[in-house]
Amino acid sequence: MTYMRDVKPICDSPNEECGVFGIYSENVRDVASTVYYGLYALQHRGQEACGIAVNGNAKINYYKNMGLVPEAFDDTKLSELGEGDIAIGHVRYSTTGENKIINCQPLVFNGKCGKFAIAHNGNITNAKVIRDELMRNNILFQTEIDTEVIGTLFNKFSDSGVEEGILKSCAQLEGSFAFVLMTTDKLIAVRDHYGIRPLVLGKLGLDEYVVASETAGLDAVGAVFIRDIDAGEVLIIDNSGLKTLKLESKPKKTCIFEYVYFARPDSIIDGVSVYQARKQSGRLLAQFYPVNADIVAGVPDSAVVSARGYSETSGIPYVEALAKNRYVGRTFIQPEQGMRESAVKVKLNALKYNVQGKRIVLLDDSIVRGTTSKKIVQMLRDAGAKEVHLRISSPIVKHPCYLGIDTQSYSQLIGANRSKEEIMNYIGADSLEFLTVEQLIEGVSCGNSGCGFCVGCFSGEYPMPLDKKDVKKLILE
Amino acid sequence: MTYMRDVKPICDSPNEECGVFGIYSENVRDVASTVYYGLYALQHRGQEACGIAVNGNAKINYYKNMGLVPEAFDDTKLSELGEGDIAIGHVRYSTTGENKIINCQPLVFNGKCGKFAIAHNGNITNAKVIRDELMRNNILFQTEIDTEVIGTLFNKFSDSGVEEGILKSCAQLEGSFAFVLMTTDKLIAVRDHYGIRPLVLGKLGLDEYVVASETAGLDAVGAVFIRDIDAGEVLIIDNSGLKTLKLESKPKKTCIFEYVYFARPDSIIDGVSVYQARKQSGRLLAQFYPVNADIVAGVPDSAVVSARGYSETSGIPYVEALAKNRYVGRTFIQPEQGMRESAVKVKLNALKYNVQGKRIVLLDDSIVRGTTSKKIVQMLRDAGAKEVHLRISSPIVKHPCYLGIDTQSYSQLIGANRSKEEIMNYIGADSLEFLTVEQLIEGVSCGNSGCGFCVGCFSGEYPMPLDKKDVKKLILE
Amino acid sequence: MTYMRDVKPICDSPNEECGVFGIYSENVRDVASTVYYGLYALQHRGQEACGIAVNGNAKINYYKNMGLVPEAFDDTKLSELGEGDIAIGHVRYSTTGENKIINCQPLVFNGKCGKFAIAHNGNITNAKVIRDELMRNNILFQTEIDTEVIGTLFNKFSDSGVEEGILKSCAQLEGSFAFVLMTTDKLIAVRDHYGIRPLVLGKLGLDEYVVASETAGLDAVGAVFIRDIDAGEVLIIDNSGLKTLKLESKPKKTCIFEYVYFARPDSIIDGVSVYQARKQSGRLLAQFYPVNADIVAGVPDSAVVSARGYSETSGIPYVEALAKNRYVGRTFIQPEQGMRESAVKVKLNALKYNVQGKRIVLLDDSIVRGTTSKKIVQMLRDAGAKEVHLRISSPIVKHPCYLGIDTQSYSQLIGANRSKEEIMNYIGADSLEFLTVEQLIEGVSCGNSGCGFCVGCFSGEYPMPLDKKDVKKLILE
Amino acid sequence: MTYMRDVKPICDSPNEECGVFGIYSENVRDVASTVYYGLYALQHRGQEACGIAVNGNAKINYYKNMGLVPEAFDDTKLSELGEGDIAIGHVRYSTTGENKIINCQPLVFNGKCGKFAIAHNGNITNAKVIRDELMRNNILFQTEIDTEVIGTLFNKFSDSGVEEGILKSCAQLEGSFAFVLMTTDKLIAVRDHYGIRPLVLGKLGLDEYVVASETAGLDAVGAVFIRDIDAGEVLIIDNSGLKTLKLESKPKKTCIFEYVYFARPDSIIDGVSVYQARKQSGRLLAQFYPVNADIVAGVPDSAVVSARGYSETSGIPYVEALAKNRYVGRTFIQPEQGMRESAVKVKLNALKYNVQGKRIVLLDDSIVRGTTSKKIVQMLRDAGAKEVHLRISSPIVKHPCYLGIDTQSYSQLIGANRSKEEIMNYIGADSLEFLTVEQLIEGVSCGNSGCGFCVGCFSGEYPMPLDKKDVKKLILE
């Protein structure tokens, strides 16, 4: 799958979900800056909007805006947030809710338990059910996002304190969630029962803790990785230290797509290096789906590593086939019909010298709609490639994700209704192979047998029962 | 009082409150445009932010932003709001709540009574009390403004329908309020028991009703004035026509400051022309506080009309003494210490030929902090004026307003702690006179004896009992 | 004529020309701030773009942008200009040249006489002729404005120094010009042979001189008026003091439209107060064109003063008939056909109580296209006026201006081809009268008989011979 | 060398120069769009400003602005440029001249030869000498860039037509230049005598020619590569077809840094694939500077290919050691002192799993200041690397470039005054090796022996004699 995620009209990839970041410091300082750099490192998880909330003077100050982190925040905005000792932040890709500032996070609330803010990554599959119930009790909603449901439950159950509040609300939540919640004196990090979305804990200097969606967020601020937040863990950080509470125990089911596509290669999720997982997947592709070819190449950026794995195992030399324009951005003007062809070329360009007369094994991480793959294969043929054999380092995406990833609806998934051969013909590849679910799991496990994965988008089997009609395209209105 | 309202750092005037506008049409069309022009005409009531909400496809679409109406909205934003048959809008000057987008109006809610939106002008003096009570029932708040309290109450009481909902909530509200509330099929206009803030009804063409804070808003969209919304009236407009409900009956107490300063001279409030009220106040000043002088002048723009009244009654010729820069705007860079003098001059300039060697009667509408008056008197003396006699077409502002006007706190009100002589000496005028409360009421009544006024900022007596400690500087956090 | 100058599509007034400002200080300081406030006060002379240039470190730093002065400049931009002891500035309304940044002023040049900058108000009628000649000598042009021609001539003739350079170039220039030119150590102010456009000299503190298009610019920065720059004067200010050179002597011909409409009422041009000139014009209208009426009113803002003069002479009371929205700005969205009527109402609104049943004498300063006058008359009738008698405090505009004012082309001038009666019928007034040229001159002279005026737009007779085909709509491309 | 080119304060790389693009069509159409996509593909050559000029209605319309191509241009701006059959464009990195709009390109002129526009890449080393001479002939200059000198010369010499104009001006120009010049009916492409900066010709469809700095620009718009513009070639395209003129013959000296760092890997310059040149350089490094190590890695993005070459030749496996944040942009807020460390980490992050306990050969393309290399080495050690051996795929940069690349001044070049050992110690690497000039030439030649290169920044020997005092940091003021 190509990495052209920012250009919506010809987008052909699952959209990222969201990224969260939190910090607890023993000193009042410019904690918002740390969140800024942390979000910067998590930018790949959401490019549409972002926000930061900071405690200070018994209030929670915040600022949210559309756009990339460095677009939304400048020096002035950051310093207006003031100093504090707790802060959380969010980068958003709209999985639910329209793309308005009201739906940006963190959401900041004023309730009977005082002021608090939440930044959430995931998808609460029973949000509508809970919300309808809350509405019957005179509760109003002002946004379209499930985070507001989390906040309302938390407030409702917090009569006997924050701990009870968070445990009781999480007991009601179904689906995936990994969120940070701050009160004026606590930072709380929660990962759902199955640990579907990732969340890690790190230490910064001697007296600061940080929580981030990925370890890359810790690295960016100079924090040391301590451990993953556990599936079903509620971690509370305040001036008495760290305290862990536990939700009802469930088998761990990390979203396998995080390894396939979403997460940064330098992140380590639940003990597995994303880089290693990708490389291993490439190796397995070579082992199970060999092909006579002259060169191996990967669609940049996400499939470059698995292509390297394929090359190592197959012995076919790795050679770049495609160069990517590093400046492709959000505001790209879409070409008129006549130049539609060039749209992909502006972003990806074939390396003619490398592909001319060559039989190519082209690695990609996944196929969602298939339209970009089709264009890339054509581009390589135009550049002189003799054969293009497509190898996908994941199974066919046959089912929508209900747990935090905005894959297209059924009808847009090329794999939902077509056989491998039909897909191959549509794309125009000389051959096409996918990893099986088992192979992917083997690749991602990298030998760590203990870990379970959510593979719902490939198998249709999700960690929990889902009323799919309610959940699909859940927009809380 | 000078009209330099947009320039905050040297602001010396009561800040405006807010303006509201609503439309109900029998046809689906671009009703947002009508609201746009209506808000444009009400811009003087709030320059910090604005917003418009429109029903459409069983949803309520809205857009809010900081800035003047023509800055916040362009063609694209307006057309993105889509078509509808009901819309409301708001211009805001922050009387409560920080100046953030979250505090902009209309507020849009999703509750058990469906989706609805509110745009409110006024100040609910028991908002904190109500909110604390609601919080105890698990209700969360996301903004700092009392409009959210109105919405939450309305939702709570609307089990048996909108009518009961609005009546029961208004029964709990104390203070001043004039708001428009839209559901997906009704436009509701409400004016508080005392009618403190103005609200009028007009008809546009054959099948559209509009509601606005002032008649100038009706005129701007070509609507015909029908009548003032009555004190304590709840007017419901839907496809069965107009229906009036009544809140508990109270004596009418229109805010007299609307006539003195806030409202546009071309508006007519509760049967009294603002222009006439100002002119009559000037006449009374001439009658009760005559002075030997060569010319009469008014501080532009608001005191020009009363100066004309003074001139007519006294027989002293009206001559402009001050010219105003028509381009003074919000982003004006404040001068360094050395040029501080010039700051007023950039906005107001003495007409030397007119004032040289002259004894001037200078009319202003009110004195709040006194600092600008001092500078103006000095500017006229520098331009050669022999004497400057200040005549104020309202009494001394001795008390804060709790009912929707952001006068300064007690300590900043020059009239709170100083005698007329002390004020005169501070300002440097040769004489200084104010209307008494009775004289102002006489002036504003223009013969319509039946009408009562809220004169709390002058007399300290407000229409309703107030727990001032709670109310003063009410910011809901 | 209404003052709705900022709203282009329904604009019905001559467009302003430009305003210039310059400062020479004996000390290096933030002279750009002084220019900023000076330009602010001259904003009415041009709202499309502005710029400031400052000497510093033997360079000339500058910044230009589209928009009003406070929009184009903020604290950062001003401080980036750095300190200096000489600065000039410009506000622009595009009389020639497209509305691009390249055409904004000051223009800054690097020539054999070193670095210099020019800010110019006026219209060089032989610019194209000169430019073509210069082009034949290998000179290139990068803008579309005549200021570049002035700069090129100055550079060409400055071999023997700045004085010779300026005298020789001005000797070649025809048309109107009032400009400030700065080198890195001199400030030069030049007014054309006839003094068509205004320019004044003031002193700020003990050791600074300022030059401005109008005295209102001096007042705004706290400078004391010294004198008008004389027609045909070249004033050179440097560290040896002030020095005056003289161009060939011509009779003074100040543009009379400056008094009628352009200049601020608080400015004094060539010894005549603009305010007094307008008032006197109103008196003469009353004397020569009396009418039986109940009230006198003026179209705000420019005709208010002449209406007062009419009232005083006629004895008919002055009463406002129209209220103006103070927030009308540049980005106003134009209404669709159906609401076109309201467009004028958004900006001007009839004061119903004042005009109902009244016979009105309505003063306006001029009629260019007549369309707005037509709408205003209709608006007053809709508000209940019984009669509307229009009195214009200037003659019929029958001819284009070639000397710095962007009146419409011949075909758009309602007065070019129609009689007074035809105009009256088009506008729908009950009667219509204009001052004659002689009467206007008498009014503006205010007793100062010595002064001559350019009245070309009324009489077709311009101070100098003009090849009108070349000059009309001169755009240097 | 790291690729963090956009973040100025910690920039440690030669800045790119500029990119140019031109199109000649036989049909009037939206040629500006084609230039837009072409510039998009050349964005890596200049990110500070860009501009496009189009002929139309016998004029040349243009728009220039600061920022990236998709930031500076939107649909509206593009369509306002109108249709035409000739257009040129420019992306700029300020090698000379301050970063103001006035210095953006294309420059558009109006001269005796009519209207024309120029977009230039390179550095005219005798620009100041020529300009001073032109100034003596009354020519004025308004920008600080050498492109204005080219335009002025062209105009001066074009009495007998465009061909003579371009030949005579180029005969006077020294230094490097590759520019496109458009008149209203011709597109002209010129490459300097030595061919220092690249320029290529392509064909788009049947009846359009395009010229671009790199072949990647041709690919992006779907054009077919025809050939490189030759060193010393003047190519004129008009309605009579293509015509080549020749400047005085000189040996070809393509800037070798284009291959090392500037150009896109998918571009082919003077017959050599940039990708192949980089890979071959890596191979030679492995051959001449072997080291015992566990993995080979490259600093992304530019050194990844040479690292692959090193891996292939050495047999040491290629493994990524560093991950790059794809969202690093221009407006990045610089961290305070305490977080300065993290600044590099926000952009580059070590892949711990890959480097832990490993002896790494790290490839980079060049070392300019050495500060970033130092941080990267430290980052790898912090991540657990046992040894870091740095291999640079170019020689030590010992001399400034006077021919279009903004390397730092002498004092900032770590290689100007220090030995290899001193550099190694400063950076903290376990070993450090550079290619020699001869080895680099061998690597880049890829067997094509005929091609000469400019290697001035390594050897101090430039293709032409230079008066370095005049040329260094040439800013035309």
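Note that the chains take the letters A, B, C and D in the order they are written out, and that residue 1 is the start of every chain.
Please note the rule applied: a contact is a pair of C-beta atoms (placed from the backbone, for glycine too) under 8 Å apart; a residue touches a chain by one contact, two chains touch by 3 or more.
As the structure is a computational prediction, the values presented were derived from the model and not from experiment.
Engineer: If you check the contacts of chain A and chain B, which chains show up for both?
Structural biologist: Per touch definition, common to chain A and chain B: zero chains.
Engineer: Out of B-C and C-D, which chain pair has the most contact pairs?
Structural biologist: Most contacts of the two pairs: B-C.
Engineer: Quick one: report the Å distance separating chain B from chain D, using the average Cα coordinate of each chain.
Structural biologist: 60
Engineer: If you average the CA atoms of chain B and of chain C, how far apart do the two points sit, in angstrom?
Structural biologist: 36
Engineer: Just how far, in Å, is the C-alpha centre of chain D from the one of chain C?
Structural biologist: Spacing between the chain centres: roughly 48 Å.
Engineer: Check each residue of chain A and list the ones that touch at least two other chains.
Structural biologist: Residues of chain A touching two or more partner chains: there are none.
Engineer: Touch graph across the chains, line, ring, star, complete or other?
Structural biologist: ring
Engineer: Report the residues of chain D in contact with chain C in the complex, numbered from low to high.
Structural biologist: That would be residues 59, 101, 107-112, 115, 135-142, 151-152, 155-156, 476-477 of chain D.
Engineer: Where on chain D does chain A make contact in their complex?
Structural biologist: The touching residues are 3, 30, 33-34, 36-37, 40-41, 43-44, 47, 68-71, 73-75, 78, 216, 219-222, 264-266, 268, 273, 275-276, 301, 305, 308, 312, 317-318, 320, 323, 325-333, 335-336, 339, 341-342, 345-346, 349-354.
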